[in-house]
Amino acid sequence: MSLHSSSFGRSAAHWTPNAHAQFLRHRVDDPSVGAAFIVAFPLLWALLASFKTELEAVAFPPRFVGFSWSLDNYRQVLGESDYLGALRNSIIIAGGSSLLTLLLGVPAAWAMAFAPTRHTRALLLWMLSTKMLPAVGVLIPIFLFYRDWGLLDTHLGVALLLTAGNLPIAIWMLYANFKEVPGEILEAARMDGASLTQEILIVLAPMAAPGLASTFFLIFTLAWNESFWTLNITTTDATTLTAFIAAFSSPQGLFWAKLSAASMLSIVPVIVIGWLCQRQLVSGLTFGAVK
Amino acid sequence: MAESEHEFVGLANYLHLVTDPGFLPALGNTLALIALVLCISIGLGLALALLLERAVLGRGVLRLLVISPFFVMPPVAALIWKNLLMQPTSGFFAWIASLFGVPPIDWFASAPLIAIGLIVAWQWLPFACLILLTSLQSFDREQREAAQLDGASALAILHHLVLPHLARPMAIILMMETIFLLSVFAEIFVTTGGGRASTNLAFLVYSQVMFQYDIGVASAAGVVAVILANVIAFFLVRAVGRSLDA
Amino acid sequence: MSNIVLERVSKRFGDTLVTDNIDLVIPAGKFTVFVGPSGCGKTTLLRLIAGLEDIDQGRLLIDGADMGQTPPAARGLAMVFQSYALYPHMSVRANLGFALKVAHTPPRDIAARVEAVAKLLDLSALLDRKPAALSGGQRQRVAIGRALVREPKAFLFDEPLSNLDAALRSQMRIEIRRLQQDLGITAIYVTHDQAEAMTMADQIVVFREGRIEQVGAPLEIYRRPTNRFVAGFIGSPCMNFLSGARAAAFGATTIGFRPEHLRLDASGELRGVVRTVEHLGNEALVHVQLEDDTMITARCTEDTALHPGAPIAFTPDPASIHRFDQDNRALDVG
């Protein structure tokens, strides 16, 4: 939109009411605008509800604008519930497991991309297929192990599981990214006397930075939104936002406006970063098969 | 989960599982849910991508709107849909129905699996759309123009040129979504909380453990889920692996 | 100045033997060129010397010390890659100084050596640019500079000029050769271009299918190829070969003669029809179809009036005929 405001400033004479109407009509006529709004509607509707009172939120017929806008829901969510504790746990668990995933995934992807064997491709596919095992298939053994090891309801315990779950996706994304880096440059670094660590940190990492960033972000999002382990092996100390929000489903509290506010608070950070990284995200997710 | 003495029971747990009246419906629900979500997300995703590709103005904002459901955590998505949209007395859909003078649908009572499928499809729609959109934008403009000069209709171009171009991204969507859809859990957890009509394998295992404390049968169901995953993975990964090599 | 000795070096990739029992001495201070068709093992051998691949069997001696198991950087060799392999996120200065930096050289020394090399290669004005902002020739010079900075025992070049256009390529040939002679450094240069090998080398090593076919000075290889493969590979246009009765007359299975050793002679025994004429200005290459349908090429002066379709006859210079036996080995050298 900055383009239009600047052209408006420079040559107001050309910016006739007619042109403005044409511009508006174009925007309204464009079916993609309507479609995009429909896709995002559930979120926008929840956003609207988060500014309503509980009564207005359940009003029938629904109120679109005719209600008293207020930030009370946000105030209450932030003040009364343990939202902040859950947020803290989510950040620690998602952030920690994402870092750990990269720490393990980068060397693995390096080996597969730059020192492949004839089994590398099969290994990659097999790894990805393990991702298809429903987590629930190992819920019991994990639960029993964790109980015995004292890992239930701990940050470390959840982070380890999320790391294990996301590692195949991370390695795939990193592998696809590293494949784009010319191997000769790493060999040049080796000839120049760089150690393996230096080769990866000083030479490879800066070149693969966009890929590393998009991998980190996707893994972070997946970890942030993960809602099987977080619901099943956390109870109090390590409950994340997913468990916090799920608690709103209990029938006794029909606080939908407050729920909406809490929901908005829990997703806005990821959406904003996701929007900023969407292009890298796509190329990373499709393993470079779609340009 | 009391520890009893260990005893090898052979295939007894599997027998229990297969004869459990909840097992076959759960298996069917798992597959139906995957099929439903794949159809909706790829079908609507393609339509949306075709629309967005031609959008000129406000692309960034439109993309933000379209991509946003992907970043919503499953419990949040499920709760928003359940309480604000699909709620039969005050939900938004009920209001739409009232505008047309139709009685509102009590989604989770009458069609729980479809309701859950809609929620999950909504979350995966951006993923499909974004990948297809990126692929569409790499579609050779000259190829399209040459076809137009040859007198091909828009539909013919879509059918003969664009769709083949999208085969590989579609294979990727199919694989990635199936990976995640095999273990849909939170959407069921916060909406119906189970029930014959909406329990998939993942949830069956969960309820066996949490409500019936039957670890043996739950483990058997877990193993069945793993086998199912591997069977699907075997074909999927082969097909996609081939298309990745091409 | 260092010499490099390979003793019975073999390397396998899966089931294929890429270098087979290579014995070779690379003399100190000389420019050695590995040449051969693609897939002949020349690049693999270079990478084995560099340490980028592991030697399966055999020994690699650098100045008499066995370096077969030494990591690449510790061998004291520097390599210039085909794609230049510059670090895209670093300035020219950082590219040149990278090896010294990871070797913990004091910053002041790094700066001095980088400046000196930049001056030598005419890169001083470009030190703060990123590789993306350089032309192909400039990138090439940075790649050479990066190798020079380390003051290596030997230079390894892996087809370094193949990404340059023809004019720049012949200029860089001369520059690289001059640099090597000025510094008196040992160099190994891999190329598939026999003209590059001829113009640059002190010693040429001709490879085929993982084996060495011949080692020698350029003119020696050109004049006295030890087998039919080398005879055909070195020299452009390539040597003409005849077999059958004409070869038998010389007591050989095959005879060969170079295009410049054919003399126009109306009564010559090689009779045929002109098919095409390539005019190069100073000379013309005439492609002739002999009576038995064999194609041969002759190098003629431009003042010879030749037209496609015209009958023509040659006599080869008998002193320049190469004779080969049924195993394609040269029978004698003369």
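For reference, chains read A, B and C in written order, and residue numbers begin at 1 within each chain.
As a working rule, a contact is a pair of C-beta atoms (placed from the backbone, for glycine too) under 8 Å apart; a residue touches a chain by one contact, two chains touch by 3 or more.
Quantities reported herein were computed from a predicted structural model and do not represent experimental measurements.
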| item | value |
| --- | --- |
| Centre-most chain [mean C-alpha coordinates] | A |
| Greatest separation from chain A - chain, by CA centre | C |
| Of A-C and A-B, whichever chain pair has more C-beta contact pairs | A-B |
| Between chain C and chain B, distance of the C-alpha-averaged centres to the nearest whole Å | 59 |
| Distance from chain C to chain A - Cα centre to Cα centre, in angstrom | 53 |
| Distance between chain centroids, defined by C-alpha means - chain A, chain B (Å) | 18 |
| Of all residues in chain C, the ones touching two or more other chains | none |
| Contacting residues of chain B [partner chain A, same complex] | 47-48, 51-52, 54-58, 60-85, 89-90, 92, 94-95, 98, 122, 125-127, 130-131, 134-135, 138, 168-169, 172, 175-176, 178-179, 182-183, 185-186, 189-191, 201-203, 205-206, 209, 215, 218-219, 222-223, 225-226, 229-230, 232-234, 237, 241, 243-244 |
| Interfacial residue positions of chain A with respect to chain B in the complex | 1, 26-27, 30-33, 35-37, 39-40, 42-43, 45-46, 49, 57-62, 121, 125, 128-129, 131-141, 143, 221, 224-225, 227-228, 231-232, 241-243, 245-246, 248-249, 254, 256, 259-260, 263, 266-267, 270-271, 274-275, 278-279, 281-283, 285-287, 289-291 |
| Residues on chain C engaged by chain A in the complex (per definition of touch) | 14, 50-52, 71-74, 77-79, 81-83, 85-89, 98-99, 102-103, 146, 150 |
| Contact footprint of chain C on chain A as seen in their complex | 118, 182, 184-185, 187-195, 198, 202-203, 206-207 |
